[in-house]
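Just dropping this structure here.
As written, the chain order gives the labels A, B, C, D and E, with residue 1 at the start of each chain.
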Amino acid sequence: MNDVSNRALSNLDLETPDKTYLDSNELVINMGPQHPATHGVLRVILKLDGEKVLGTECVIGYLHRGVEKIAENRTYTMFNPYVDRMDYVAAVSNGLGYCEAVEKLMNVEAPPRAKYIRVILTELNRIASHQLWLGTHALDIGAMTPLFYTFRDREEILKIFERYCGARLTTHAFRIGGCQYETYAGFEKDVKNFLAFFPPKIDEYEALLTTNRIWLERTKNVGVISGADCIALGVTGPVLRASGVQWDLRKAQPYAAYSEFDFEIPIGTNGDTYDRYLVRMAEMRQSLRIIEQAVNGIPEGPIMGKVPKVIKPPVGEIYHSIEAPKGELGYFIVSDGSTQPYRLRVRPPSFVNLQALDIMVRGLLVADVVAVIGTLDIVLGEVDR
Amino acid sequence: MPNFIMSYLGSTVTPGEAGNQFWALIYVLIIFAGVSVAVICMNWIERKALAHFQVRLGPMRVGPHGLLQPIADALKLMLKEDIIPSEADQFVFWVAPLIGLLAAFTVYTVIPFGPSQAVSDMNIGILFMLGVSSLGVLGIVVAGWASNSHYPLIGALRSSAQMVSYEVAMGLAVVSAILMTSLNASGTGTLSMIGIVQAQQQQGVWFIFKFFPLGLIAFVIFAIAMVAETNRAPFDMAEAESELTAGYHTEYSGLRWSLFMLAEYAAMIAVSSIAVTLWLGGWMRPFPNLLNAPAWDFIFSLFPGLTFLGLAAIAFVGTARMPADSFFKIQRIGLAVFAALLGFIALLLLAIAVAGRFADASVGARFRDGIDYIYWFVLKVAVFMYLFIWYRATWPRYRFDQLMKIGWKVMLPISLGVLVVTAIVGVIVS
Amino acid sequence: MVPITTLHYLVVAAALFVLGVIGVLTRRNVVIVLMSIELILNAVNLNLVAFSRMWGNLHGQLFAIFIVVDAAAEAAVGLGILIAFFRNRETINVDEIDLLKW
Amino acid sequence: MFFLNHIWLIPLFPAFGAAMMFFFGRRLQKATVNAVCVGAVVFAFLFACFTVVEYTHFAHGTGHPFEKIVYTWLGSGDAHLSFLKKDGTTAQFNADAGFLLDPLSSIWLLFVTGVGMLIHIYSVGYMAHEGGYYRFFGYMNLFMFSMLTLILANNYMLLFVGWEGVGLCSYLLIGFYFHRKSASDAANKAFIVNRIGDAGFILGALTLSWYLGSFRFTDINTLARSGHFAIGDPVLTAAALLLFVGACGKSAQLPLYVWLPDAMEGPTPVSALIHAATMVTAGVYMVARSNAVFVLAPTAMKTVAIIGALTAVFAASIGLVQNDIKRVLAYSTVSQLGYMFLALGVGAFAAGVFHVFTHAFFKALLFLGSGSVIHAMSGEQDMRNMGNLRGRIPTTFKTMFIATLAIAGIPPLAGFFSKDEILWQAWRSADGGFPYLWLIGFGTALMTAFYMARLIFLTFYGQPRMSHEVEHHIHESPKSMTGPLVVLAICSVCAGWLGVPASLGGTNAFGKFLEPVFAREVAASVAPAEPQEPAGEEHRGLEWTLMLLSVGAAVVGGGWAYGHYANAGKDYPEPIAVKAPPLYTVLYNKWFVDEAYDYAFTGRRKIGKIRLGAMGAGEASSWFDAKIIDGAVNDVGWVTRAVATLSTWWDKWIIDGVGVNGPAILARMISYPARLFEWGLVQWYALVMVAGLLGFGVYYVWK
Amino acid sequence: MNPVMNSALNSGMAPVATPFFFYMLAGLAVIGGVLVITRRNAVHSALALIVTLLAVAGLYLMLYAPFVAGVQIIVYAGGIMVLFLFVIMLVNIERSSKERRFNRMWPVGLAAACALLALFVSAFAKGKALFPDRMMTLPESSNTQQIATMLYGEAGRMGQYTFAFEIASLLLLVAILGAVIMTKKKI
């Protein structure tokens, strides 16, 4: 039942040679940290028999900045921008998780309008993250063009961000207790324009890829992982859902205003790269649904809850997790009653999902390693923190 | 002296056939220069076309609309340090790009741009082309091996397996076209490139339409195999950027790297030329037998000039649409000059066409015909070049094992079947 | 200049043949031994084609073609044996291939 | 006649299933495994039914056996395999792959395939969540194959094949959970103890064939009944006793019964099929099959009866106090097997076989029911932790209750008829002392009723004593498990009606059917027993009395258990423990038999470094052999070696050195040039070729 | 073609520099051969062999055997040598490139080869007179066709070498199967 426990996980034995086709030594290749397809500075040590992957080991830490340690030396408010630098393609989600965790710790709640703004922005960010994933994933598999299409359309989202909070990438959109900024005039119009603008674009992406023979051959039955293996490894997010496990924190333990919206959790069946592709494409459409409901039902009211000037949570600890675009993003905060966290720990989805790489690529070819790295949708800023 | 030159221009046979080595040398030089220029143009066109596929502009800075970009690139590459890794096999590393280049350019000796516009009309022309183009793989294999690095080695092994595999399907497709050349009164076919085109002329049909759909199938197989043969997307496993960083030329830089690029693009043009020669009637203009009145000749001979006129018009429109900022002044002037140059060429070609129509001299008419032949040939090849770019913009990359599977399990059986059926049909028809 | 006659070609062929023989007899690397055999076969082919020209018929050329076929078969089988051998013994030195002794 | 002629196919169905599992099992889906294995047994059952129906037509009530010899399996008439019989003639050592169908084997065939089929179906549900699914079914099918071979064999040798086959399968299935030490130990124990019995069996079979000249049952029976042999013929007596040793081993009789309770380590369907219904009755079958020989050996018959009676009461007494639900049933099985042997021993073969037949149903039912209980209890087997399950698993409760009534001998259920037939026959066999056997049997019946009632009350009545988690999980078993239970319950009720004795107005159809097998054409004149039918008339009153007595015993035993256990709470008292603590200790520790065996045979007990028992004796003799005898031998050897060294030196240097190696070295030196051409180096060969080319060239150029 | 042009084309260029090309190609072939047997690195040897093969192909062209030359280029240079390079890369030659190049009996081998060369030279010297000075001129343009006729026959007649051709194809098939089976790890 549990295949994972029987396999030597990530213990890539480079000393004892495996039997290769020619009974000669296997090829050991360093993929990265400088490599076009490792999405940053991931280094994968590949053990190959010709082109067949016998085993992999991920070497990470090239982008380590000690975010968790920094948190212990910053006040809660000061630390808020740092979380944007982890998963920098989904900075809004990171901020949401952090703010909600601290709010939970302090037992305050953001007002409903703030929650709606948060949902709109996070879902927009989810779309942006998936767009970036789609572009780079397709590029890894050799299709250049989708990258430019997705970047073109992602620009619309970034424009909304920019107008809202002045930043495009590392937005720092939320504050503990609500939002800092009221929506700008025309925010709702912009969002609605985007809602009308984007669905044809998804169709465009799908027209390029979904039924493309080469795309199908490159992604079907590649990097298959079962739901049981996913659960055993703690893999979350679209990867888990593509393996047929219906688990989405937005539904399972609703946060922000998600309980008020009607949407579906797309799941796959085979757990292969193609299913993950389909799941993410469907998630984009679902995100649009959520945004549409949110923007139509956005309540009036304050955007900031009753939060003291100096954030000083009571002694205690809290774990709060949200469904980031890449999976479960969790913050565990221990407070000693001072203005700085005593300890802050992040559960990054990318880091956990990356652990599935080895069992997904064993027995596949080098080209599939690239596809699988792409389909895992990792961001090294988040893996290394 | 002019007479001497004109006699070259008006010759009805290739220099090789005439045994004129001086003339042949000139031809070789012209072709070498022409192909190099074509590669440079191709480079620019590819970058621009690809950019427009991908909703961006492509090179815009060096020269108007980046027209001088390839030249700048070439200069940059020539001036870059030529790094040879210390652990590499120095000599082989040095010689590898030359092998590829040599193979790619040698092919052009038998490509017929016209009935006499070829260096030589070898009677085993197509055999020679297949053989020499298959030598190109040696350069890649040796380059990958000599780099003494893993990625290039994998790239080299991939590309050699790929090229050797697809050569089989390609060769069989070619044979089925050659079979069609023997469908004449004497029953003897030909391997000569010029002979193949002439056979299409005699039979009054391009081989792509012969025994429909047999010729078409063979042509499609060749068209796929030639993409694989030149390591272009979606079969660019050997230099798969996202997998092997740059494949067999990962360790190359500067001039030596640019030689690989030159060889690759030259090979693309060469295989496209083979396809055009074998199936698309080579240098022949559309409907040469049907519309054979001198008036038709004249109308079709206007095409080259009109094409250049169109290009010049586009360039002029571009000049007019340049922003009226002083910042763009130089670029505007440059584009205008370019447009003027194109316009001048267009006028020259039109003049030649008109002169050919009204001058009864055979030399002038042949000169005009020569330009015609080259024009149509290049036009057909250009379609293929555009297809190459289009493929690259549209498709993801195949995986290596899938590629081999297609090569051996799909293309080879189909091409064999086409060959057999073509032979049977040919026997029945004749 | 002396006109080129059949003898010239024969001399070249003889030189290639002797070079091939030297390679077969003295090199240790099996791959190079196989290449030397190709040299010998080429020398023979050259002879055949030269005689074909001398006698004015094509039988020599045909034989040359047949020998090319043989060479291809020989290379395929030889290299196959070489790979099988390398897999078992991890060497491609001909003087370590002496199992026939027993 | 199609089915009869193809009778050899019956064992092959499960053999096919087993082979499939062996070769492909690992890759098959569970559904496929079910289809193949269960299907094979269902096929075997249907085939067996048709075969028996055809046989009844074939025999027309005469009981004439049907024999089908497929081919000669051992011997094949080879003169080298002939042996000298006692009477001076030679006989061939011939064992056929032959199949014999007569009433006796028909009965076994039917209930083995029938009960086997039900248990297979039950196992589908029971094993659904276990690992090694295909392995289990493969073993089960292999067992069915072996058992059917055993039953259908027409000679002792083929029977022995089946006999060993079932032993092997028993071993494999007891040790099915081989990662559990206790299971693998139990498997080893079963196997080793059975080996003792098997040794007796094969010796007995060979003795018979040496004496009578054939392995075939038909031949042996004919010979034994021919009157050539006197009653009490010592060789036949010895052979019968040896065969009985075999039966003791396989059927768990004193003193070889110890393996059977431990065999409960296997999965419950295995216990039901192998260790209750079928395999353990192989001994009964074999003795019944050899009845002609046994009849000629009254001493052996008496031994059988006494051992059977003792086993019955002995095992029953242990069963009184055991707490493990399956162990109680195991001792019950041993006890009931004792009954069967008692019947065989007093000459009531038909009654014994009848009891085998009825016992198969209700004991299988009990085991399957207990399996269902264990299933419901999440693996709990200790009755002390059960209680009040009757409402929670009603089907299991009802069927098990029926089975308990049956085994206790409550009319009109199956057990009543068969048991009373045995008791009556024991009483009636007027060979002195047999009423004592009846008395023992009667006591056993009393105990049986008590411990079975105890089992039911502890399990299904009283207060729940299990932990909360377990209680939470209690659920009725799936249909595939309860279905067989119901079918078996119906059989348990009805099976006895086949053999309603004349005294109760029945016809004893079962006995009539079997009569030809046990008919004593010749022996009848010798046997002391008078004709049976008239005897019934005059003793009818007595028979009824005895029946009433045993029914009364059952009621009393059950009532007693009711009094003590019906409301058992968390710490209910054991009545025996209260009244006679030492007796309870002895019974609870199974009369210390295992410990005694440890002292006497297995050598697990030591005093200091000296082992006790047979192993100790073996070690002592080994020491004697090693030190005293071998010491002397070694001393002699040393002298020899000294002489040999001297002789070696002479041989090596003088004879070999000068005489042999000298010429060899000479030859090698001379042959060196020739060797040059065979270096094994390819390039050398090439050089030789070049040399040859040179030679030819020189010849042709300068010719 | 008009006579004026014809004369213009042929004027002063009639003697094709055959001896020059011959000596150049022969020199290339022999130098390549020497490199083949002396290089330590098998890849260098293979490259040298390619040079030799191409030079020999050139010699075939000079001998009016264009089809053989084409076959030589396709089969030898394009096929067999790629196979060789492939195998060289598969088997790890780093070890062998550091070892002795020649086996222990190389003096004997060299002597035998020299004796062979001497034999050839003496044979040529002895039989020089037997060779005709001029060589026949074969029809180059129909070379392929004639070879095809000899191989396949014409107009329903079996060619002289059809049977041999089929045998050769069978040989190739067997060689392919043999090579595949020998190199396959598991069959």
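As a working rule, a contact is a pair of C-beta atoms (placed from the backbone, for glycine too) under 8 Å apart; a residue touches a chain by one contact, two chains touch by 3 or more.
Everything numeric here is computed off the predicted structure, so don't read it as measured data.
Ranking every chain by how far its Cα centroid lies from the centroid of subunit D, the top place goes to B.
The interface with the largest number of contacting C-beta pairs joins chains C-E.
A comparison of C-alpha centroids places A closest to the centre of the full protein. The geometric centre of subunit B is 37 Å away from that of subunit C, both derived from CA atoms.
Between the Cα centres of subunit A and subunit B there is a gap of 46 Å.
One finds 85 Å separating the Cα centroids of subunit B and subunit D.
Mean C-alpha positions place subunit A and subunit E at a centre distance of 62 Å. Multi-chain contact residues of subunit E (touching two or more other chains) are listed as 67, 71, 79, 88, 90-91, 103, 105, 108-109, 112-113, 116, 120, 143, 185.
Of all residues in subunit A, those touching 2 or more other chains are 22, 24, listed in ascending order.
Annotation for subunit D: residues 681, 683, 687, 690 touch two or more other chains.
Here subunit C touches subunit D in the complex through residues 21, 24-26, 33, 94-95, 97-102, going by the rule given at the top. For subunit E in complex with subunit C, the residues that touch the partner chain are 18-19, 22, 26, 29-30, 33-34, 36-37, 39, 42, 45-46, 49, 52-53, 56, 59-60, 62-65, 67-68, 71-72, 75-76, 79-80, 83-84, 87-88, 90-91, 93, 95-96, 99-106, 108-110, 112-114, 116-117, 120-121, 124, 128, 131-136, 138, 143, 146-147, 150-151, 161, 164-165, 168, 171-172, 174-176, 178-183, 185.
The residues of subunit C lying in touch with subunit E in their complex are 1-12, 14-23, 25-29, 31-32, 34-36, 38-39, 42, 45-46, 49-50, 52-56, 58-59, 61-62, 64-66, 68-77, 79-84, 86-87, 91-95. The residues of subunit A lying in touch with subunit B in their complex are 27, 29, 35-37, 50-51, 138-145, 147-149, 152, 208-209, 212, 214-215, 217-218, 365-370. Those residues of subunit B whose C-beta lies close enough to touch subunit E in the complex are 3-4, 7, 10-13, 18-23, 89, 91-92, 95, 122-124, 127-128, 130-132, 134-135, 137-138, 141-142, 145-146, 153, 156-157, 160-161, 164, 167, 188, 191, 362.
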